[in-house]
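Shared chain: chain A. Partners: chain B in the first complex, chain C in the second.
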Partner chain A sequence: MSEITCKCGHVNPEGTELCLSCGRALTTDAEEKKTSDVMRYEGMARRSQTYNGSIIDKVWNFFSSVKVGVWLIVITLSASALGTIFPQVLFISPLEAPEVYYEERYGVAGEIYYILGFHDLYNSWWYLLLIAAIGTSIIIASLDRVIPLYKALKHQRVNRHASFMKRQRIYTEYPLYSSDTFSKIKDGLRNKRYRIREEDGNLLAEKGRFSRWGPYVNHTGLIIFLIGAMLRFVPGMYVDEVMWIREGETMAIPGTDQEYFLKSEGFTVETYDADEDKEVFGATIDRVGAIAKNFQTDAILLKREDGVAGDSSNLVEVEEHPIRVNQPFKFDNFALYQVDFRQGEFRSMSFNLVQKESGDSFGPFEIDLTQPEDEYQLDDDHRVELMGYYPDFSGFENGEPQSPSPVPNNPAFLFKLFSPEHPDGEVAFIAIQQNLEPLGENDYQLSFNGVETRDVSGLTVRKDLTLWILALGGAIFMIGVVQGAYWNHRRVWVKRTEEGGMLVSGHTNKNWFGLRKDLEAAFTNTGLEQPKDQHEQNLNKVSAGGAKEEENRDTTS
Partner chain B sequence: MTQLASLSSTLLYVAFVLYLIATAFFAGSIKSKKHTNQTGKNRWATIAITITIIGFVSQLGYFITRWIASGHAPLSNLFEFITFFGMMLIAAFIIIYFIYRAHVLGVFALPIALLIIAYSSMFPRDISPLIPALQSDWLAIHVSTVAAGEAILAISFVAGLIYLLKDVDLAKKGKQTFWLEAVLFSLVIVVGFIAATTTSQITGYESEFSHINTEGNEDVAEYHLPALVIPHQGELVTENRFASPVEMPAIVNASRLNTVIWSIMVGTVLYLLTRLIFRRSISALLQPLVRKVNLNLMDEVGYRSVLIGFPVFTLGGLVFAMIWAQIAWTRFWGWDPKEVWALITWLFYAAFLHLRLSRGWEGNRSAWLAVIGFAIIMFNLVAVNLIIAGLHSYA
Partner chain C sequence: MNNRKKKRLIVRITILSVLIAAVVYTLYSTLTEDERMIVKAGDQAPDFVLTDLNGETHRLSDYKGQGVFLNFWGTWCKPCEKEMPYMENQYQAFKDQGVQILAVNVGESEFQVKNFAKKYNLSFPIVRDSQKDVMYSYAIGPLPTTLLINPEGEVVEVVKSGMDEETVASYMEMIKP
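Here is the complex of A and B:
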C-alpha cells in the first residue's frame, strides 16, 4: 500500500483525496474536481476508487457505483410498469387458460405479452434477479462509503489549510482578525445550536452530523425488509390457504395440521338502505344501485384436544367471533379473512312419492345434498333407494350421467322406487326440469316438494411469521430516511491567517438556504458582511436581468 | 345532514373562487413596479397569501362538514381524493411559501391546484356510503398521507416548471423547448376536459348505446358527449343523438375514450386560439412572469420539497398502504396496479435523490426529473384508476 504524505506532514492512506489533517487536495485530480463532489465523502479513500485488480475488486466496484444503482432502479421501475399493461395472471379467473386468454382479449399484443412471460412478470427469474441486484448494490455501495465517511468525520481537524477553505462554496476572506469578532461569530453559531471546537484561534462549528448516517440507516432497513421478504419461502413461516365453508358446517382449517376447526354459524350480506341509512347516501344509491354494507361470517373456532389428525370428535370450543372484511379473526399466529362468498347454494331437496293414477302421496323425504343417504324409508310399504347421485350434473356421456364437481350446483339423482305394487322397484332419473323413466313407464313418480339453500363463505387462512421482520425493516427505513431528509449536516470553519486576516468558509450537504440563514444570524452583531455563497454570485453574474434584486434577497426576508 | 352536505359544497366553491383571486394577487406581486424584489415583504403578496389561507380554511371547512355529513373521511372516491390532493397542494405551498417567501411559486402553484380541484369535480360528487373494504380507520390515515406526500412532491414540479421556463432558451428550437411546451399543452388539455365536461353537464347531453362487453354479454354504455367512437357492436338507443360509425373493440371503454378525444380536441382548439391571438408559444407567454426568478432558489425549493415529500409519500403510499392491505386484503403486497405504480413513484424519487446526492444532478436536470415525477404521480392518480382496472378502482 502506497501512502500519501501531505505537505503538512500528515501521512494519508492510498486513495485519499483531501488530507485528513489540513484538508489540502492531495492529487491534481482532486484539485480539479467540483468541490461538492470531493466533499461528498470528505475526500476519503474509498475501496472502490482505489483498487481495481482482482475479480472481487471489479464486482465490488460495479455494485458500489451509484450510477449502476440508479440504472438498476430505472430498469426495475420500467419493468414494473410493463407488468401493468395487461392484467397479471394472478388477477384473471382460474377458469381461464392464460395461453388463450391474452390472445383472445388483447390480440397479437396479448400473445406477445404472454410469450415474453410478462403475464407473470413479478415472479419471473429476471425480475427477482433485478431485486437481488438492487439489494447487493445497496449493501456494497453503503459499505464502500460509510466506513471511510465515519472515520473522516470522527477525526476532523479544526484548523484547515487555506486552499481547503477557499474552495468551499461559502467562503470569504476578511482582512482583519480580532478575537472580539471571533467570539461573536462563535456565540452566534452556538446560539444556532452548533457544536463548537476551537484550536489556536481557529474554529470548527458543526451541527446535524447524524443526518449523514441517514442513508446508511435507511439502506439497513431496506436490507432487513428484503431478508424478511425472502424468509417467506422458509417452510412454516407462511401459510396462504382458501377455505369454503357452508353455513352450519364444521371443517378443519387448512394449514393448521388439523389442529383447529371452524364452524360457520351463518353468513350475512347487508346492503345500504336509502331509508335506514344516512339520507345523504340516497343520490348514490339511486345512481349505482345496491351498495354492499357488510359481508360477515359468524364463526366458532374449535380446537382438537387430542386424538389423531382428522378426527373431529374431540373438539373444544375456543372462541366465537364474527369475521368481517377489514376485521380478520386472529388466533395463534393465524388470521381468517372474509374474502368471498357464494349465495344460495342448494343444501337439500325434498320430494314426495306419488302414485300417478290415484294421486296418493307418500313422504315427503329430504335429501341432504352434501351427505345423501342411500335409502329413504317413507312408511312400512314405500321406500326410495338412491342408486346414483350427480351433484353437478352436466349431461350424459355414453348413457352415463356426468358430474364434473362435487358441488351441488345442479343435482341429479337416479332413484329406485319401491312400493307394494313393485317390490323390485321402478327406476327414475330426476334432475332439475328433467324427469326420465329410462326403463319404461312407471306407476309411481317423485314430485318435487321444495329446496333449501344456504350461503358459503370464502375465507383466506393466513399465517405470516415474517411480518415483524418486515415491520422492523420498514421502521428502520423510515427512521433513516427522515434522519437523512429532515436534518442537514452544516459546518463552518473560521481560520486565522498568519498575515492577521480571517478566513470563513461553510459547507452543508444540502439546504444552502438554511446555512446562509445561520451565518446571517451569526454575523449580525459583528459589523461584517456575512460570508458569500460563491455559487450564488456566479449565477448572478450569468443572469443579467434581475441580478440587483437577487443580491439583496436575503436581507429583505 | 343534507343541509350540512350543501354547506360543504358551498365552502368548496368559495375556496375555489378565493384561490382564483389569490392567483391574481400573486401575479400582481411579481409584476408590481414598486416591489421589484421577488421574495420578502410585498403588499400584493401579503394580500395574496392571506386570501390563500382563507381559501384553505374554507376548503378545510368543506372537508370537515362533508366528513360529518357522511360519517366517514371524505377520501373514498376520485372526486374526494383529488379535491383533497388539491387542498394538500395548497397546504404544501403555504408551508413552502413561509420558508422561502417566493411569490412566483404562488403564480404557478395556485393555478395548478385550481386545475386539479376543477378536474376532480368532473367526477360524481355524491356522498357515497363505504363498501366493506373501505370501512377502516386506515382509509383516513393511508389516503390522507398519500395525498399529502404527493402534494409536497408536486411543489417540486411547480418549482421545476418555473426553473425551466426561465432556464430553457426558447429562442433555440430543441428538445427542451419542445418538451416544455408539451408539458404546458398537456395542462391545456386538462382545461379542455373541464370545458367539454362542464358544457355537457350544463346542457345535460346524454345518449346511451347498447353493446357487447368483454364477457360477450349485452350491456349499456352512457355517453355525456356526442359519440365520436362507439362501443363494440354499439347500437344507439337514445333518439336524436349523434353517433359516429367508428366502432371500438370490446376491451376499450369507448365512452371514456370518447371523453378523452373530446378533451384533446377542445384543448387543441384552445391552444391554437392562444397561439393565434398572442402569436407566441405558451412557454414564451409565461416567460415574462419568471424573468426575475432566482434560479438557485427554485432549484433549492424543488429539491427541498422532494426531501420533505419523499418520506411522507413512503409512509403513506407504502408503509400505511401495506399495513392496511394486510388487514383488508389479507396480504401486504399483491401487485395490484395501484400498488405497482406507488412503487414506481417511490423508485423514481429514490433515483432522483441518488442522482442529485451522488451524481450532482442539479438545476436543469433536476427540474426535468421533477416534471417527470409529477407526470408519474398524475398517471397513478388518474390513468391507473380509469384505464387499468384493479382493486383501487373506486370511482
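Here is the complex of A and C:
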C-alpha cells in the first residue's frame, strides 16, 4: 500500500488526485484531467479504485462504477421496452394457455418472447436480477463517493497551493494584496451569505455545501423505495385477491386469515337518465347510449370472534357499508374495491307440471339453484322428484349430462314426474329450450313458469402496508432532487502570495453565472476588477461574441 | 494500514451479504409466489370444522392419532370424479388401520353432493365448505387437491392433481399411524 506524499509534506492515501491539504495535483494524470472532473469528488481517492485484491473487492469495484450503473439502467430500460411489444400475460384471457398463446399468435418471435420470460417481465428472474443489480450499484457507488466527498469537504483547508488556484475556472492574479481589500471582499461575500473561514490572511468563503448531498439523499430515497417494494413479499404486508359474491350470499374474504366474512345485500348498476341529467349527459346519451353512473355492492362485514375455519357460528356483524367504484370499503388495513360484476345469474327456476292431453296444470314449484330439494310435492296426487341437477349443462357424454363448471350458466334438470296415471314416474330432462323424454313419450310435461336471477359482484381484496414506505422513499427522492437542483455549492478562495500579491479563484458545481454575480457584488467596493471566468474568456476568444454567456455545460453535481 | 484494510473487507462483506440476502429472498418469493401461500409439506395442517351429509360435524384436530387423507373436490371436476371410486376402495382397505378420509366439497349444494355420493356409493365422510372458508385457509388452487396429514397433524404432502388407485394406496400407506 503506497501513500502519496505531497510537496507540502502532507501524506495522502493512494489514488488521491489533489493533495488534501494544499490542493496541488498529485499525479500527472490529475493534472491533465479537466478541472471539473477532478473537482467533482474534490480530488479524493474513490476507495473502490484503490483496492482490487480479493474477489469481494472486485465485486465491489464492479458495482461502484458509474459506467456499469448506467449500462444496467440502459439494459433494464431496453428490456422494459421490449416487454411492451406483445401483451403481458396479465392481460391475455385467463382461458388461454400462455405457452400456446404467444407462439400461435405471434409465431417464432412470440415463442422466443415467452421462453425468455418477456411475457411476465416483472416476475422474470433475470429482470428482477437487473433491478437488484441497479439497487446494488446505487448503494455501493453512492457509499464509495459520498464518504470521501464528505471527508474532503469537512477537512478542507483555507490555504491552497497556487497551482490549485490557478487551475480553477474563475481565477485572477492581482499584483497587490492589502488587508483593506481583503476585508472588503470578505464582507462582500459575507453579505452574500457565504460562510467565511480565514487563516493567515487567506480566505475560504463557501455556501450551499449541502447541495452536494442531493444525489445521495436522492439515492437513499430510491433504496427506501426498493425496500418498500421488496416488503410486499413478506407475508402479511400485501394482499391482492379477487372474490366473487352473489346477492344474498355470505362468503369468507380471502387473504384475511379466515377472520372476515362478507355478506352481499345487493348489487346495483345505475345509468344516467336522459331526462334527469339532460344538461350534462343528454347529448352524449343520444350519441352513445347508456352511460354508467354507479356500480355498487351493499355489503355487510362480519368478523369471526372465535372458532376455527368452517365454523360460522360466531360471526359478528361489524359494519354495513356500500362498495362503489373508487370508493372502497376499508376496514382493518384491508380495502374492498368494486371491480367487476355479472348480471342476471340464475337463482331459481319454477315450473308447472302439465298434463299434455287435458292441459291441466299443477304447481308451480320453485327450484332454488343453491339448494335444490329431492322432491317437490305439488298436491296429494302429483309430485316431482329431482334426480339430477347440472348447473352448466354442456351436452351429453355416454348418455350422461355434463356440467363442466359449478356456475349456473345453463341449468338443466333430470326429473321423475309422478301422477295418479304413472305411480312409478315418467322421466323428463329439461334444459333451457330443450325438453327430452329419454325413456319414451310422457303423458306429463313440465312447463317453464319463470326464473329469478341475481347479480354477482366482483371485488378486489387489497391490503398494502408498504404504501407509506413507498411514499417516504418517494418524498426523500424528491427532496434529494430539489436539494441538488435548486442549490449550488459555491466557493471562493483568496490567497496572499509570498511576493505580496493576491490570488482569487472560485468554483461552483453549477450555475457559474450566479457565482460571477456574487463576485461582482463582493468586488464593487474594492476598486478592483472582479475575477475572470477563464472558460468564458476562452469562449469569447473562439466565438468572438457574447452569445455563450449562459454556457454552463460542465456542471459537477 | 493492514487493520484498515481488514476493516474495509469486513464492511464490504457485510454490505454485500445483506444485499445478496435481500435479492435471494425477493427472487425466491417471486418465483414461488403461487406456491408460497398454500399450506406446504411440513406445515401443521390448519384446523377446521365442517358438517357432513348426515349432519355430523368433523373437526380435523379430533383425528389426531390417525392419518387424514384430506381431499378438496367438486362434482363438476372430472379428475375428482375419477379418483373418488379409488378413494372409496382404499378407504375400505385402510380405515381399520387408522387412516381417515375427509372429502371437502367446495361451494356446491347439498343435493348435488348427496347425489354424487349416492352414485359412487361413497361411505367416507363428505363435508361441505359452502363459504369457501376452509378452502381459503388452505389456499387451495385448482381442484382436486389432496393433502396427506400424518397422525401428528402435520402435512406430509400436497397433491395437486388427480390420482390413480395405486397412488391413492401408496399415499394412505404413507400416513398410516
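Here are a few things to note about the model shown:
By our rule, the second predicted complex is superposed on the first by the 511 of 557 C-alpha atoms of A that agree within 3 Å, B and C clash if a C-alpha of one lies under 4 Å from a C-alpha of the other, contacts with A are read in each partner's own complex, and residues count from 1 in each chain.
Criterion: a residue touches a chain if its C-beta (ideal position, glycine included) is under 8 Å from a C-beta of that chain, and two chains touch if they have at least 3 such contacts.
Computed from a predicted model, the values in this text were never measured in an experiment.
Once the two complexes are overlaid on the shared chain, A:295 sits against chain B while remaining clear of chain C. In the superposition on chain A, contact is made by A:372 with chain C only, not with chain B. When the two complexes are overlaid on their common chain A, residue A:80 makes contact with chain B while staying clear of chain C. Legend: residue contacts after superposition of the two complexes on their common chain; A:35 is shown touching neither chain B nor chain C. After overlaying the two complexes on the shared chain, residue contacts for A:252 are found with chain C alone; chain B is out of touch. Legend: residue contacts after superposition of the two complexes on their common chain; A:394 is shown touching neither chain B nor chain C. Note on chain A: of its two partners chain C and chain B, the one contacting more of its residues is B.
Comparing the two complexes, no residue of chain A contacts chain B in one case and chain C in the other. Of all residues in chain A, those touching chain B in their complex are 34, 36-37, 40, 66-67, 69-70, 73-74, 76-77, 80-81, 83-84, 87-88, 90-91, 105-106, 122, 215, 240, 272, 277-281, 283-285, 287-288, 291-295, 324-326, 328, 335, 337, 339, 460, 462, 464, 467, 470, 474, 477-478, 481-482, 485-486, 510-513, 535-536, 539, 543, 545-546, 548-550, 552-553, 556-557. In the complex of the two chains, the chain C residues touching chain A come out as 1, 5, 8-9, 12-13, 15-16, 19, 22-23, 25-27, 29-31, 33, 36-37, 46-50, 59, 61, 74-76, 107-112, 114-115, 127, 129, 131-134, 136-137. Residues 1-2, 5, 36-41, 69-71, 100-101, 124, 126-129, 131-133, 135-136, 214, 251, 291-297, 300, 303-304, 307-308, 310-311, 314-315, 318-319, 322, 326-328, 330-332, 334-335, 337, 340-341, 343-344, 347-348, 350-351, 354-355, 357-360, 384, 388-390 of chain B touch chain A in their complex.
Here chain A touches chain C in the complex through residues 1, 47, 51, 54, 56-57, 59-60, 123, 125, 128-129, 132, 135-136, 139-140, 143, 230, 233, 235, 250-252, 254-255, 257-258, 261, 307-312, 369-374, 386-389, 391-392, 403-406, going by the rule given at the top.
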